[in-house]
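See structure below.
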Amino acid sequence: EPALIYDLGGKFDKSFNEAAFNGAERWKAETGGSYREIELQSEAQRQQALRRFAEAGLNPIVMAGFAFGSVLEEVAADYPDTTFQIIDTRVDAPNVRAIEYSEHEGSYLVGMMAAMASKSGTVGFVGGMDIPLIRKFACGYAQGVKAVNPDATVIQNMTGTTPAAWADPVKGGELARAQIAQGADVIYAAAGSTGVGVLQTAADQGILSIGVDSNQNHLHPGQVLTSMIKRVDLAVYEAFTAGADLETGYFVLGLAEDGVGYALDEHNKDLVSAEMIAAVEEAKARIVSGDLAVHDYMTDNACPVK
Amino acid sequence: MDFATVLQILDSTVRLATPLLLACLAGLFSERAGIFDIGLEGKMLASAFFSAAVAAVTGSVWLGLGAGIAASLVMAAIHGAASISFRGNQLISGVAINFLAAGLTVVIAQTWFSQGGRTPSLIGAARFEPITLPLAETLQPVPILGPIYHELISGHTLPVYLAFALVPVSWWVLYHTRFGLRLRAVGESPEALDTAGVSVVATRYAAVAICGVLCGIAGAYLATALQAGFVKDMTAGRGFIALAALIFAKWRPWQALGATLLFGFLQAIALRYQNIDLGGVVVPVQVMDALPYVLTVVILAGFVGRAIPPRAGGEPYVKER
Amino acid sequence: MPKWADLVLIPLVSLVLAFGLSALVILAIGEDPVAAVRMMVSGALGSTYAWGYTLYYATNFIFTGLAVAVAFQARLFNIGGEGQAMLGGLGVALICLSLPWPHWALALPAAALGAALFGAAWAAVPAWLQATRGSHIVITTIMFNFIAAAVLNYLLVNVMRPIGSMDPATAKFPSGTHLPSLHDLLAPFGIAFSRAAPANITFLIAIAACVLVWLIVWRTRLGYEIRAYGQSEPAAIYAGIRPVRIVMAAMLISGALAGLMAVNNVMGEAERLVLNAVEGAGFIGIAVALMGRSHPFGVFLAALLFGFLYQGGAELALWTDIPRELIVVIQALVILFTGALDNMVRMPLERLFLALRRGRA
Amino acid sequence: MAGAAGGQRVPAIELRGISKAFGPVQANRDISLTVMPGTIHGIVGENGAGKSTLMSILYGFYKADAGEIRIGGQPNQISDSQAAIRAGIGMVFQHFKLVEPFSVLENVILGVEDGRLLRPSLARARGALKRLAEDYELHVDPDARIEDLGVGMKQRVEILKALYRQADILILDEPTGVLTPAEADHLFRILENLKSQGKTIILITHKLREIMAITDTVSVMRRGQMVATLETAQTSPGELAELMVGRKVLLHMDKKPAAPGRTVLAVENLRVTDIDGVERLRGVSLSVRAGEILGIAGVAGNGQSQLLGVLGGTLRGSGTVRIEGREIDLAARDAGQSRRAAGIAHVPEDRQREGLVMEFLAWENMIFGYHHDPACQRNRALMDNAAIRAMTAERMARFDVRPPDPDLPARSFSGGNQQKIVLAREIERNPALLIVGQPTRGVDIGAIEFIHQRLIALRDAGAAILLVSVELDEILSLSDRIAVMFDGRIMGERRPEETDEKDLGLMMAGMRGKAA
């Protein structure tokens, strides 16, 4: 029986954790199998949840979130017969499958769309906890925006410096208001359930927003430009499907592997013009082919554009 | 900082101060009657959940508000029973109520909605909509005053206006009505009220009930106006900041307005700017977060005027030992 | 009313009421209370692994419970256990990270000292304000909990976070600070205890702390003075007991005890300092002290009960759809009935005993 | 019985078979009382006899467990104070029931406001107060805050409250305890005035002189029971005292003349200012020699408590205090300890508030204040509880504390026995100086004799004793010298044989002796 552990922010954050949940649910629906899951309430619980699941013989154990990294390093060694999958950070152990995504690539594409949809030439970014991973989102996004409109302004805000920043919709809403006041008319939220507040405010104020991780277009139909999807659901689904024989190692999933992308569905089809799609698809092809390199913030902790 | 930014921050201040103000006035009625209440947080939380839950199910924010107030009143009734009828320790009762609300809201939310302790997002009539005051659009072009009226004064939700209106109302009730006189008396000297032939128990329950209603509005505002739904622990310590504001205000309504606006302003600034650069010295965001609490300690230490709580506060009224 | 009734019967009846209501809550959310209890019992007591977690939590609660209890003896309501334990964690982290400790036997006393000092220091300001300026200690300790959270947050995010790490947490402590777990301690006696469970040598320190607190409060002059002050301040002044000294002493001991909890959770379990490591144990200490009637032995028993609840609740959350918050509800009910509504139980019992006595007379 | 004189007139108040228990304490037991309209009825009784309880029942503050109340002939449940007020009863409590931060006006209208809004009530009350002030010489500033008023004024407000409620029956519970003789005389004039207007007054007091002076009838309570009701004109203080305590009262104490030795206590220019900034001791100088008792007489509240406080170390003051020639540091932090070290033993005025920790067991109380003594320690860290218990048992036997069980909490001893525990603790130290406040307050006559004997014995053994008491009898019978305090000053000194109650009374009122 496989197991899934959600990070703080909770299973129904409409975003990262929910993507993991959807993957597990898909596996359940298709195979009729069952799985164990737990939502963390605190940092201190990480170890207990991991160990308890491993003790109980669950296999594989999937955990969603970089914050499990240091705990997993320790626990993995104690349970050599259990396979672990961790998402968003690298852990090197013989029984760990570590998956990272090229979020900068996906963010680049939605950045392009934001720049094309913006009338004011000012777009916004609301990040969750201020960590390099989120800077990576922001940097990819800014590069995409500037690629379309070098004169555009990208307003960037982080919600906080602790995990609480993933679950603070009020603050997300206030940051969105501030950005709108500064002229932003498209805002990209990469902030877990904090982003729900951003999208809500954007919709209330009649501007466009961009969702993250899961496809969030349906949250406010006709008002969410697109979503930068990160196929965490796929990673969970595949891990569950592979079961205990899950291949371990370190994997980076980008546009080429369809690990990231942008969402197009009935909720945003009126917002996305044909030329937008054409431009974005072209960029995507160039990135996949290697012609276009989007800078990854985490390689040097710096971003070439502001 | 330009004018628009200032307006933005003040606008944000008003929104963030509203739940603090409502909770602070709630605490004011209760504590003026001699019932200390560190359970403001719990009452708000209970109300936030039930208002969001009922609004989500019925699609009516008004039913939601009613449910929120009812939930808060139930908590108030527990506190009242513990501290008035059973002469228990008011602080412990408050602590218990905070725990109770934190636990029950998530447990019930999970049972009802299976969304990890949240309610579904509220849409349309299930939320309080911003109210555009008359002439707001027309006056907008007027320099200075126009934007102030349009951005800052107009365009808030109903509970915001209600909260601000409650300040003069509370003042008037406390100082100009029979009920207010008795309420203040029972917090200072319950035996004086008792020997004057007025029921101490009834007066205190009335005060606790008012506290419940106001906390209920505060919680409903959080869940159905400021946000669109309930999430676990969404009050995030606002009940304690309201308590801090109450001490800051020395248990007076107008000062409560000032204190909550100040704390709301601090929150607005902390929200807007992660680290504030004051000409070389960078103030980390954590300082802004902690400022209300630090200020309260400074006030309590009596360095900025002494805050003397109602004399009979915190003590059960015991006639016969 | 006889003393045993006050000490045993009332908490017991209160507890039964709290658990009865909790069972109703479980029923109301469509689960089976009997199955839930069974799962909690097996999850918290059914194996050495389960015991390991139960005792681990109990250790935390013994420290915070003792902290509240000692302050209660001086009639001070220390709600600041949470913040004091947080700062205790900081003390432990600084000590464990600052030196290359060769062996835990050296690191442990140093870390314990650091934890106690930091915890006591965090209690010192509210204590001093209470003693000299009459600032209500309940409010100041609540405020200090929030301030502690901000301080720790700042330090973990901006100062103590290792370069390149995304978690707001310190680096892992060096292996020389690794405390022996109950597994290690019991192995020489041929007892096989789970390796995975976090209960460690700190549990023994907690028991020693109970004995020490008992000695201090009931066998020393300081304890005598603390109790006298707690019962009557005018009498204490008459006897030449200095209130400032007593308030400071009681709160420093209380803060040190709360801080000592960090030896268990920070040094013994996580081996690094993370945000929110205290997890509400400071507040649970209030319930533990109330149930334990502020006596170390009572605190010990109540801490075991809460350790059981906590671990049992975690198991419930793992294996059923009952959210972990159910335990928070049970805690709340226990606090409510044993702390705030005890007169509800006492009044009828008192009447009963009076009637019994009259009947016999 | 008093009613006999009234003929067919309907009694203003009739109580029948009133009983009231507070937990295990039976405060009132089957009490009946009849008071005729237009009379002043006195109630006397020892502390704890149940006087206040009975009156509080009449006023609806407590609910009787059993019994019947009739007001003006009509049965009346008096379920709460509101009902009592409606029945025309007003009460001035022993402990005032005023809202301190409120103004006089607000206190007066509280509970009898004329509607939902305050403004009309306040206006009406202002007018009414003015009229009452003129009618009864009861002047107070209607806008003054209660907390700013002195006790005499507060009492006036209480009386005004009752009159504003148009009380026909006025109950006053120990109104003169806090008043100077002049203030008390003024109060009695007011009461006479009220009586002449047909109002009925019940007056509780400990002072038999007042009973004799103003009441028409008097009832005596003892241990929760009503033992007698008499026409004042047909009784005497001696008879009342005997009824109060249940046996013949010895008014005289046999003692040897004092043989004073060296000066033990020398106080010069002692000053104490309280937290409100009021100077309570204004330069007191006195001395006590070994083997003599100096009695301090005075109306309560004239600085005696502060004198005891500074000497005992619970208050700070300025000036010089020497014990056997050595000066005491009046600003010391652990003052109580340094006083004990200097040889001062202190029996405080309020044993339940200061002298004892009510929840502590007898043995814990027996070392209270002396818990640092080497005799109490087992080693450097721990106390020697077994030795303390043994010592306590022995002392309890010697001081006839009943029951002589060291493991009972102080709370469960009766008042007299609690006082014996305190005395045993302080006297057994063989102190150079014993300062003692109200040694026999609330103590029955048997215990009073015992305590007095102990004090004399201590004096004869060569200790210096400073005795503060509001009971003039006690002062007169125990003291070798008497100093009278008024308004924070010593008004003068007398030898007991060369003075009397009248002379001391004038000094206590500040009308004789050293002027400012």
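Letters A, B, C and D mark the chains in the order given here, with residues in each chain numbered from 1 onward.
By definition in this document, contacts are C-beta pairs under 8 Å (C-beta built on N, C-alpha and C of every residue); 3 or more make two chains touch, one makes a residue touch a chain.
Only a predicted model underlies this, so the values are computations on that prediction, with no experimental measurement involved.
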- Message: Need the most distant chain from chain D, centre defined as the mean of C-alpha atoms.
- Response: A
- Item | Whole-Å gap separating chain C and chain D, where each centre is the average of the chain's CA atoms | 46
- Chain centre separation in whole Å, for chain B relative to chain A (CA means): 35
- Query: How many Å are there between the centre of chain A and the centre of chain C, using C-alpha atoms for each centre?
  - Reply: 38
- Whole-angstrom distance, CA centroid of chain B to CA centroid of chain C, is 30
- Note on the structure: Multi-partner residues in chain A (2 or more other chains touched) are 161
- Message: Among all residues of chain D, which ones touch two or more of the remaining chains?
- Response: 23
- For chain B, write out the residues touching at least two other chains, lowest number first. 117, 232
- Query: Which pairs of chains touch one another in this structure?
  - Reply: A-B, A-C, B-C, B-D, C-D
- Task: Spell out the residues on chain B that touch chain C in their complex, using ranges where they run on.
- Result: 38, 78, 81-83, 86-93, 95-100, 102-108, 110-111, 117, 232, 237, 240, 243-244, 247, 284, 286-287, 289-290, 293-294, 296-297, 300-302, 309
- Task: Give every residue of chain C touching chain D within the complex, in rising order.
- Result: 215, 219-221, 224-225, 227-228, 231-232, 234-235, 237-242, 350, 354
- Note on the structure: Listed in rising order, chain C residues that touch chain B in their complex are 25, 28-30, 77, 79, 125-126, 129, 133-136, 138-140, 142-144, 146-147, 150-151, 153-154, 157-158, 283, 286, 290, 321-323, 325-333, 335-336, 339-344, 347
- Which of the residues in chain D end up touching chain B in this complex? 22-23, 59-62, 80-85, 91, 93, 97-102, 106-107, 109-113, 115-119, 121, 161
- Task: Report the residues of chain D in contact with chain C in the complex, numbered from low to high.
- Result: 23-24, 312-314, 333-340, 346, 348, 350, 353-360, 364, 368-369, 371-372, 377, 381-383, 385
